[in-house]
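Comments concern the structure below.
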Amino acid sequence: MKIDRRSFLSLGIGVAAGTALSPLPWKLTDDLSIWTQNWPWTPVPEIGETSHVNSVCTLCPGGCGISVRKIEGRGVKIEGMTGHPVNQGGICALGLSGLQLLYGPTRIKTPLRRIGKRGEDRWEKISWEQAISEIAEKLDVLRTSGNSHTIAGIAGSRQGTVSQLFKRFLTAYGSPNFFHTPSCVDTYQLAFQYMNGVSGAPGFDLENADVILSFGSGLLDGWGSPVRMFKANTAWRKANAHVIQIEPRLSRTAAKADRWIAINPGTEAALALGVSHVLIKELLFDKEFVDSHTDGFESFVTSKGEMKKGFRQTVLENYSPETVARITGIDPSAIILLAREFAKAKAPLALCGKGQGIIPGSLAEAMAVHALNALVGSVNRKGGVFPMPETEIQVWHEVAMDSVAAVGINQTNLIGAPPNSPCGTNQIPAAILSGKGYPLNALFVLESNPLYTMADSKTVRDAFDKIPFLVSLSSFMDETARYADIVLPNHIYLERIEDAPAPTGFPKPVISLSKPVFKPQFNTKHAGDTLILLAKEMGGAVADAFPWDNFEACLEEVMGDKMKTLQEKGFWVDSDAAIPDWKAAFKTPSGKFQFSPAEATLGFVPVAIEGDSTFPLLLIPYETMRMAGGYIANPPFMTKTVEDTILKLNDSFIEINPKTAQSNQLSEGDFVVVQTSRGQARGRVHLEEGIMPGVIALPRGLGHTAYDGYIANKGINANQLIGPVQDPVSGLDAAWGIRAKLSKA
Amino acid sequence: MSELDGKSQTVSEIVVSSAHGQSGKEGGSGGVIVLFFFVGLVASLIVGWVLFPKALYSQKKQPIDFNHTLHNGLVGNGCESCHFFREDGSYSGVPKLAQCIECHEEAQSSDPEEIKFVEQFVKKEIEVPWLVYARQPDCVFFSHAAHVKSANMDCATCHGPIGESEHMKLYQQNRITGYSRNIWGENIVGIKKNTWDRMKMDDCSECHQKQKVLLGSVQTQKEGCFVCHK
Amino acid sequence: MDSALIPNGVRRCSLGKFLVPLAVVGAVLLWGVYAMLLCWFKGLNQTNMNDNYGFALWIWADLAVIALGGGAFFTGFLKYLIGKDELKHIINYAVLIGFICYSSALLILAIDIGQPLRGWFIFWHANVHSMLTEVAFCLSCYFMVLTIEYIPLILENRQIDKVPFFHHLSHNMHGTMAVFAATGAFLSFFHQGSLGGVAGVLFGRPFAYREGLFIWPWTFFLFTWSAAAYGPCFTLLVTRITEAVTGKKLVKDNVVELLAKISGWMMTTYIIAKIIDTLYWANVTAPSKGFNLIDFYSNNGFYGIWILVMEIILGGIVPAAILITDKGRKSPVVRTVAFVLAVIGVSVNRWVMVLQVMAVPVMPFDQWALYYPSWQEVATTILPVAYGIILIMISYRYLPIFPQEAELNPAE
Amino acid sequence: MFPFNFEWIWDMSHMVFMGGLWYALIILGIGMTYCIVKAAIDTAKGGDGHGHH
Amino acid sequence: MKQEHGGNGTRKYGMVIDLDLCTGCGSCMVACMAENNVPFREDETDKLKSITWMRVYKLTNGKPYPETDICYLPRPCQHCEGSHGHSPCVSVCPATATDYDSQTGIVSQIYTRCFGCRYCMAACPYHARYFNWYDPIWPEGMEKYLNPNVSPRMRGVVEKCSFCFHRYQAAKDKAYLDGQKEIEEDAYQTACTQACPAGAITFGDLDNPDHAVHKLKKQPGAFRLLERLGTNTKVYYVSSREWVRRAGDNYLKTEGPKKVV
């Protein structure tokens, strides 16, 4: 018997034949393909029972009702809540992305104390007790040394019980420095105060208007309550209403409007007055309304005996279509046609507040637009504008201040304004850096991210460097939280109970209740509870001002009998609210609408824009529905929807008219440095016909340096390029842009 | 090398003769060759048919040895007493602890399995990690409502007489695919005697074609893919 | 060293001289294998393909090598079915080149699919309406044929031939080769065509779409025809290159000229058909979908009319004209130029039918998308070339590929 | 590919397409079987079976 | 086709998207991603590798400032019917991983069957099909929000809009339980339709006169994308603007789209 190579060959053939005749290769082939169908690194979502919980979205001031779909305790999807008065089932991209924030990697998971340099992002985890007592100790030292007024708080929202509780804390502690993130409502409130004699947030009955003249308001770009506006737009289309959008850029709103009129940025007030001129000259205004409900239309003699020009004379003398055309760059005939169309409408309505209305803006502009509404009788009527009736939403018991608080609270605030003037947040950095007034010893930041959202980021950071103690109550590791000394992470909106006040511009008083849809995912605390705990830790009169066990108890008390409705329906609408009668509408000295208020004269008062002639272009930041530009940064889903003409890799695109690009020898996609008197940034140019020559635009919401890899270090933060500009009339921030130049990079 | 090339003519002569020589030896080693062939054949058949199926599946015991017969006798509504439909039409599948607690807050008997269940899961409020024999992969959408409510099928048609079992059988899991063995079936070649012996796609479609249900597919003229896939 | 393996009556270089270039090409091969493994383990994100370019360099390479490998089936068809017996002197090499081309195509397809372990679904769950199914089936079957045709060649190695079983097997296979060749030709007519059908049936892509006969668009027939016309040119070109590298005449001129002549006439008829097809498409098919010819060749940075000129005139009319004239065909230099042009021509055609199809925007608001391959794609495309060179080197050295070699290069 | 596959239908497309395929496969299969079997028989016969080629 | 067991025949689900109402806000895109477990990566700016079943295109009329106009056009899978269900992609898939169901009119895609040849992507003129170039990876913790009704896809396969077919399955389940033969119009709506804050998307059975889409698709200004190719899509668009309707298909200079009366 001889075993040779051939025997082994034969063995091999036998093995091959046997294997082929066995299930092994075939089953293995099948199983391997099944393995690829169930790769262990591809997640398999767990099945289970589905439930829905209604709540409200507070990611923007829109206040939409949401319905959260859950599967066995985990959230699977956020949808719009049908039957909610604000959004009627609709929902925006940000609202839909909420679960990415809940489960996202930027959540702060536990209280943190800084161990590295500021902004270095090195932390140690501390317990809640430790954090609270440490802060209380610091505050106690300041308070006992008579420096209670040298702390400040910035809140993200103007309304809401948590904000009020925050303010209450400062009051009981003895600080006049409560601020909130500014908005166009601040300016509107002033205009109402002067012209209607009533203070209150504006309510726009947009759904019932038939010609809407928007002076740059991003009605479909997130102005007011975005979903409500989309619904309104659909209603306008179906009712054949006309929307006229006036702004230098073909925004989403302009694109969907029936007419887009490009205007030299910052000259909107002049156009409003020009339209008024035509209305008055051609006798197209609502004479009945003007005669019976207004004052100051004709020239008059003031109590001091001076002759003061009335609205009619002012406008007729100074704002002829030709004059206005020179200012605005709009053809005189177009102004006349615009005025006629506006006047012909049954329910014309003009409104302003640029973009999403996050900048208070020019008071002169708000007044000019408001006057235009008055001219056509669209004030205080269906389809018009009116200040929201001042119903008391929260009922608080008085703070019993001790002597320290009583002294502290009566100081002027940081920016030299009377105590608790919440506006003027943008002036804080300059005030700190100027060294005038008193130093700021501690700053508490709640649900806001000033280091990112405030104009002139560098100056803001310099100012923050001077604040020895910075506490953030953010849910996310945003730019400000990263700069803080102690972070007290807040529950996010899906984990907490909270009231969401009426959204900007909504014409009915409405409150929604945000419910804890999920158990807290991490070791976080409701900011309301944190404040109550802090107060209790401080003891004395401060603790006495916070007698509640927790925030929920506080909310139940201040909401009173509304709470029951809120718990049951999820929202509360003041069913008694109606458009105020004429008496209640105008509380001016004359009891009428005031065209020529004593506090501010109507007219075109341009907001001085920064930069000299070495900056030949005008840079305007803009807001878009696909990017969250405020305290909340873009969740990954939203960033995914951003077009590649806005962001490519990590580069922002600067929108520019092809003509302007050509004269600057730039072509599509070129790398450029955009430079302003405040800073510079590298980006690329995108040529777009839909922007006025000489103007360049950047979206808000990019250029984050904190958060996660899905949004950090992508593009340019427009705020680093612009500076705060004070409105010459109101002193509020009115920076709609800045002069800039582009050079090839 | 080149000088070797020169010899090639002569080499070829040798090749032919040696070929003859070798074929002469064939007879002697032929038996060995055949033997080796059969050794290889039989060995690999044993590997393929016996060892491979054993190695392919891991065996796991259920956390609790559940007695279906006992429970079936105690509940009023058959299988649906515990394996019920939710209001939205979805199927609850294996019961959650919350259901079991309705009866088993305390041990009802001295059965060691029940005591183990109460001690280890009910008291500690931990869900029982049941191993589901009929668990289909994630790509499958199976509508119990369609089969039980609309087509009035018996549970046993697909699941077999599991309701009559007193003990839980071993759970076998395919090491490569992670599937329960019940999907492919006990038989390694996939031969089945009963409707419940296998739960592969072909078994679903076999019945669907007999019943002529939802035959909307343009490509296969059978049921559309989305009838059973998600 | 390896003289016992070298065929009788022919001369080969020293083993050392053989191994050095083999090692160089082997290194290139390993580079390709590395890229291939990257694609398999990390996924197709290693490529520069994207959602607009689902088909790209690899599919072009597939189509091109199969067209170029068409020499195998068509030469076989001519020899075994038409009876052009002289072609037996080149058929071995045609089969080898075909074998290389087809195995490469299969390998590239295995890299190109996103789920290689599920690749067999194309057979098991076949959709017979898909041109790709037709391609997969015929391609695999024809690859079997090529293997069957290549085996006897291997068996003719001096040492293997010593084994009586192999000796007989080789003999028997030679005897039945006509049947295999006929089956191969049958399969080839279909899969070459179905490769053309791949683009031609895309009625959502007006650049590719063609009307046709029954289920087959005109491109189906054009592809078969062009593979038959251009494939032999590639065989002849590779033969010429082999001759240049070895410094020996390997195939007699009359054989080359015969194949070149047939190829030339095939090309002539093909290019006429192609021109008619192009004219009909440009004037009837495309306009019916709202496109002018120039829409497909403008508004982008690469594809211009030049590519049409290059394909039809430079790569079609010119080589056809050379090869059908006695003078052109008889001049070794001129006919080699024709072979090169022909290879370029058919490669451009396959490129256009894959990549330009992907590049042309269909929705009016869509944009041209241009693409360049990643190094992984390039490496895996060069991989088969390296593999082919190695197989040719080994086969040439140890197998009697060229029956006329000994006669043309008598031993001293 | 086989009549027991889910995708199989007894229609014209399958007849023509799969018919062609199986036809080719069968020819190749029979052809190769013939060659191998005959080679085995020839080998067993022990002779060269034929002359040189 | 054949009668459904216990039902009364076939349906043809489709959409009518009113481009006059669409504001391009992106809600539909995000709603779709959230509903269908669409993965995302740190960089999604390469739109040729970014999976967005529902993609909103920005169309411009090509005129210079200030005559420029923009229109947003949401593009889900068009669920082409072609002729007799032979949509461009269905007929080319070699492994029968994509299919046309004449019971619902939906083009299905089975990820576990697909082996990633991408022929369907080459066939689709709408770029509605997306390939998983990368393994889908969610940041730690985020996989908690994944929807169990939609199977996440693995690397190497093609995916696309399914008209939220799992919602149809769920609606059928409920109907079976309640003993109903048919499902109501509002019982099955896609995620994008539900989310659209402008109400621009209407979804339903195109063949059912009781469904809103049946009437809407016939309104003046309605058109479909690339109708001339014979794709026979089930997504209708409506626009009052002529240039938008013209952008919906290719026309020679001498031709024009249907005029709106």
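For reference, chains read A, B, C, D and E in written order, and residue numbers begin at 1 within each chain.
Rule of thumb we're sticking to: contacts are C-beta pairs under 8 Å (C-beta built on N, C-alpha and C of every residue); 3 or more make two chains touch, one makes a residue touch a chain.
None of these values were measured; they are calculated from a predicted model.
Student: Farthest chain from subunit A, going by mean C-alpha coordinates, please.
Tutor: D
Student: Looking at mean CA positions, which chain is nearest the middle of everything shown?
Tutor: Ranked by how close its C-alpha centre lies to the overall one, first comes E.
Student: Could you state the distance in Å from the CA-based centre of subunit A to that of subunit E?
Tutor: Those two chain centres are 33 Å apart.
Student: On a C-alpha centroid basis, what's the spacing between subunit B and subunit D, in Å?
Tutor: Subunit B and subunit D have C-alpha centres separated by 34 Å.
Student: Taking the mean of the C-alpha atoms as each chain's centre, how many Å separate subunit A from subunit C?
Tutor: Computed value for the inter-centroid distance: 63 Å.
Student: Quick check: how many Å separate the C-alpha centres of subunit C and subunit E?
Tutor: The mean C-alpha positions of subunit C and subunit E differ by 39 Å.
Student: Which residues of subunit C are in contact with two or more other chains?
Tutor: Answer for subunit C, listing residues that touch two or more other chains: 115, 118, 121, 125-127, 129, 133, 164.
Student: Among all residues of subunit D, which ones touch two or more of the remaining chains?
Tutor: 6-7, 43 - these are the residues of subunit D that touch more than one other chain.
Student: Among the residues of subunit E, which are close enough to touch at least two other chains?
Tutor: In subunit E, 46, 86, 96, 111-113, 135, 151-152, 154-156 touch at least two other chains.
Student: Touching subunit A in the complex: which residues of subunit B?
Tutor: Residue list for subunit B touching subunit A: 28-29, 31-34, 36-45, 47-49, 52-53, 56, 86, 88, 90, 92-93, 137-139, 174, 176-179, 188-189.
Student: Show me the residue ranges of subunit C that touch subunit D in the complex, using the header's touch definition.
Tutor: Within the complex, subunit C touches subunit D at residues 123-129, 133-134, 137-138, 141, 144-145, 148, 164-166, 168-169, 171-176, 179-180, 183, 186-187, 190.
Student: Please name which positions on subunit C make contact with subunit E in the complex.
Tutor: Listed in rising order, the residues of subunit C that touch subunit E are 43-45, 49-55, 112-116, 118-119, 121-122, 125-127, 129-133, 136, 198, 201-206, 287-292, 295, 357-358, 362-366, 369.
Student: Within their complex, state which residues of subunit A touch subunit B.
Tutor: 1-4, 6-8, 10-19, 21-24, 27-28, 31-32, 34-35, 37-38, 40, 44-45, 47, 49-50
Student: Per the contact definition, I'd like the list of subunit D residues that touch subunit B in the complex.
Tutor: My answer: residues 4, 6-7, 9, 43, 46, 48, 52.
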